[in-house]
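These are the structures, in structure tokens.
One chain, subunit A, links the two complexes that follow: it is found with subunit B in the first and with subunit C in the second.
Here is the complex of A and B:
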């Protein structure tokens, strides 16, 4: 599936040449997915999640001033090798935002960036960080038996969420093209797109991160289901029995974005950090009073699936699942999200 | 929440300090903190609606979501009545006047004082220390008295010593434009007012649903038993507003802790009509 109407300019290039061009960019860092090197089928390592949601991520810094600890938007780095000319230098959180190329992630993971933007766009730190990401996506030649991107509205050839799309032709050769303005810009900077072709292409280019998701019958079907009927369906009882609430599925999931915030303070300094959390854990919803709205396992198991396949749809009109299948591969008790979807579908 | 703050960081609180502390309850578990901002410019920009909350931040301990007890018209500082319950609220209780802390907000929605409530008879029903944002609301109603019909307040606590804002209640009692019913759970020495649980008093007062809206805050058990007498009196679910509390972290509808079905209590609430809450899973 290719929903892009951006004009294409296909370029043939070896992986080696692309890497060396990227290497030559001074102010852009990059990270390479293992899929880029071997084109092994399947989603591979979930490197994009660590860029969307680094953990731990500092939200602010804490510093003792007199007898009180106070909040700071920056941490003060004392005179050091970092900046020998200054007595002190201020390291702000926004300073850490830089352009980073993510090279070789699959269409499912590229789409997770697009979906997470819907949910997290109000978070300035997230938005600033992902604005700096430049996605070189690698389209799939074939998938694994656990891949189901097409069922949830994606596809092996889906370029949404990417800035540059790449096809591995084997023998170290790539075909690539820009699918967003950011993609045009970076291919121009890399010397892959010459100046004279950019102008023409730029005109029709879109900001791919806001590209609309295509039709998906599962989405329509789930959208029309009554929320409380789904919620009260008896099959959750069976899924609950096998689930261990280990949280592996949530940590592997590229569209699970829930987090916790904690303070770390030692002596005079500290920081407030966020890190991944999971709705599978009882502490996630525990009130200070001792009351727990999702105190029983069935509530937590149901919440994960209902969030992805009903609640998120209610809020954003999209399924919060990209079909990467990582949760199927790694679930220690073999819960298969496709089977759960089937059960949800069967509810009338 | 779009905050015009340094670096545009949603998680950076306004620098503030404690200006005054009032011990509200006889057991010391409830204290009201008057909080002022360090930077006058921050305070100038601050606007909240009755029913909203803020994150109180104790650096090194964390943040806790606390309802704003002061009305938008009280411009000499913010009031927060805090129950000592977890790590952050315990740390707050140990802080003295002058101590510095952070305030992140205002967050969430408020009671629709400028919308659905306007022109209506208002029935406020509260139990225990849940009166905080209803104090803000009541003061708002009194400030704009002409915009609302009859105002009825039914408020209960376990003992006379657990009633919040006692001096203000004495003032409100003197007014003839509020129907005030203050009750305690059991007889107590020196108490000459009403005795009985909030739902019983609701049943006795039997407020009319005609052109009215009810605002209810209190422990789940109180809410549960308050609904039947209201229903008996003919109240519909869309006339009843509830304010929810859930565990919260980010306060901007992302982190997931306060979710109840498709809603985030911190962003979509904490105020909802009972009619709406009937349509979603009750995970609060």
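Here is the complex of A and C:
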């Protein structure tokens, strides 16, 4: 387990008080996970993915003025005449980092933010967005039967990726403490720490550096496997027989970050958007020539697991899965990532 | 980390399951089939796994219960392409498949649409008693988490949760709406049957599910659509689980030309769902596969349901969703 030691004295406060304090910060917006309210076990709705990877994310707006194309910082596209009141296509590209509190996500999802940073660090838009996030994570009292965070190096009490960690014992009272400097800053602004425990809070507060991680035996084991032997293992055949090649697993996954880019034009205005893509889709690797290096389903199915449990490890020394189990619950045909890990593990 | 889950069937379905295993093994042994498309137990009791058996002893993995929500006809073209029309396809052996009423209607449709050859399939028919809705199950037991063990009797189903609590439900409470309104639960095409046929069911209000939408004006329907479909993530599980959707390149995936936008803004989602539904008009068997697999609980089947009704009205009650292999019009 990788959790940091819980400080000796924690801040105690009711959910209502925390919410109204956050509400009082006029320049900070916030989003509340359903888990915060009912403390239902399991990862719940994947609310942080929308912040890490907006769907869609506008990258560029252009408008025609006479013969010229002019850049615009924002755009109002009336995509259809169906309902002119819809303003869903109104987007702004902003240079400033908007601070947003994400309240009540579980350790797995908080850790996904941290893991995705490894791969997306050089993506300015991603970094700018997540730098503005302030994560109030909610630790798990118990998981679901589909949770396996501990097997992939996380845990019910893992605070990595969080700025403030919260414990809910079910009586409506929260116990919380700052995990990062950002967390300390926000608790300070909320005015909800007491002076006599500030030292304790400081002790726990770090910047979540990547080095701080111990990890799991699964990581070492997968790291030592021969890549081509895994790639050529016979079990992919059976898995692909069942798989539908839909996007349920990857689109629900907090550590899937793949995207595609499209230009859209409507009359005189146009936009370039980035939107979710999945290695399960044939279009994912389709070349302009028409050749598709992953033309068969088996290559696509294999890629999802090889990426998370081999390629990513080779590149970043971590497993690209936080064990939230969403893909297990929602795969229509019971392709269970835990079982696939077991098969990969058994390869000699 | 993950074990095969505990699912027990007792009674009618157990008899069917035993017989199915016996027959599939015999068909393998006699060389009639070299593959079999069926369901096996998986790691979650409420989610059996479709699979292609390739060896006689894999017949013992086959299961039969009320949780088989995905239409197996979906796998027929793929199995044919990958296994029979390839290297080892020339010994005359066929692909076996098990089929309920709607699955068989979709198999028939695939034959009529030249996607598969009747001669290359050996169909074991089983009359359906209605499959269950997982979403209905989850919302019924919201506070208990996911069941860890299931015991299915003829009429009741027991769910056992992690705290060892046991909940017993009459299966009809969880049967899917499309199954409840199904007039033809018997297979329309088969080489052999397991169990008996139950005959045509008479359904008094086959389209009452969509009555509330039909009552709305255009504005109301757009509002309904935006609310009901707002969580769609465009994962295309609905499309990929549908046996009608076999196009090598779906209009959704085409990028030259780009037929529709890729975002999850309501206009784009609407285009996707309307076009998908219209591509199924006059073909949809109301098997419910699309709805059953959706991770977000989107009611996209209501769109095809409406089209079934329209087709019936516009084409003189031809009953397009109820295929008969001998129908000269089909």
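Here are some notes:
In the analysis below, the second predicted complex is superposed on the first by the 293 of 348 C-alpha atoms of A that agree within 3 Å, B and C clash if a C-alpha of one lies under 4 Å from a C-alpha of the other, contacts with A are read in each partner's own complex, and residues count from 1 in each chain.
Operating definition for what follows: a residue touches a chain if its C-beta (ideal position, glycine included) is under 8 Å from a C-beta of that chain, and two chains touch if they have at least 3 such contacts.
Note that the structure is predicted; figures quoted are calculated from it, not measured.
Once the two complexes are overlaid through subunit A, subunit B and subunit C fit side by side, free of any clash as defined at the top of the document. Of the two partner chains, subunit C is the only one touched by A:151; subunit B is not. When the two complexes are overlaid on their common chain A, residue A:236 makes contact with neither subunit B nor subunit C.
Once the two complexes are laid over each other on the shared chain, residue contacts for A:59 go to subunit B alone; subunit C is not touched. In the superposed pair of complexes, A:114 makes contact with neither subunit B nor subunit C. In the superposition on chain A, A:193 contacts neither subunit B nor subunit C. Contact with subunit C, but none with subunit B, is seen for A:329 once the two complexes are overlaid on the shared chain.
Within the superposed three-chain model, A:260 lies in touch with subunit B and with subunit C [touch as defined at top]. Of the two partner chains placed around the shared chain by superposition, neither subunit B nor subunit C is touched by A:136. Contact with subunit C, but none with subunit B, is seen for A:248 once the two complexes are overlaid on the shared chain.
Nowhere in the superposition do the C-alpha atoms of subunit B and subunit C come closer than 6 Å. Across the two superposed structures, the residue set of subunit A contacted by subunit B and also by subunit C is 260, 262, 286.
Those residues of subunit C that touch subunit A in the shared complex are 1-2, 42-44, 47-52, 70, 74-75, 78-79, 145-146, 148, 162, 222, 233-237, 239-241, 249, 253, 255, 258, 261-268, 270, 292-293, 295.
Residues of subunit A touching subunit B in their complex: 59-60, 62, 65, 68-71, 73, 92-94, 119-120, 122-125, 227-228, 231, 257-263, 265, 270, 272, 274, 277, 279, 284-289, 291, 293-294, 299, 303, 306-307, 310-312, 314-315. The touching residues of subunit B, when paired with subunit A in their complex, are 1, 6-13, 15, 57-64, 85-86, 89, 99-100, 102, 220, 245-247, 249-250, 252-257, 259-262, 279-284.
Residues 41-42, 55-56, 79-80, 82-83, 86, 88-89, 144-146, 148, 151, 238, 241-242, 244-248, 251-252, 260, 262, 264, 273, 275-276, 278, 281-283, 286, 297, 328-336, 338-339, 341-342 of subunit A are the ones touching subunit C in the complex.
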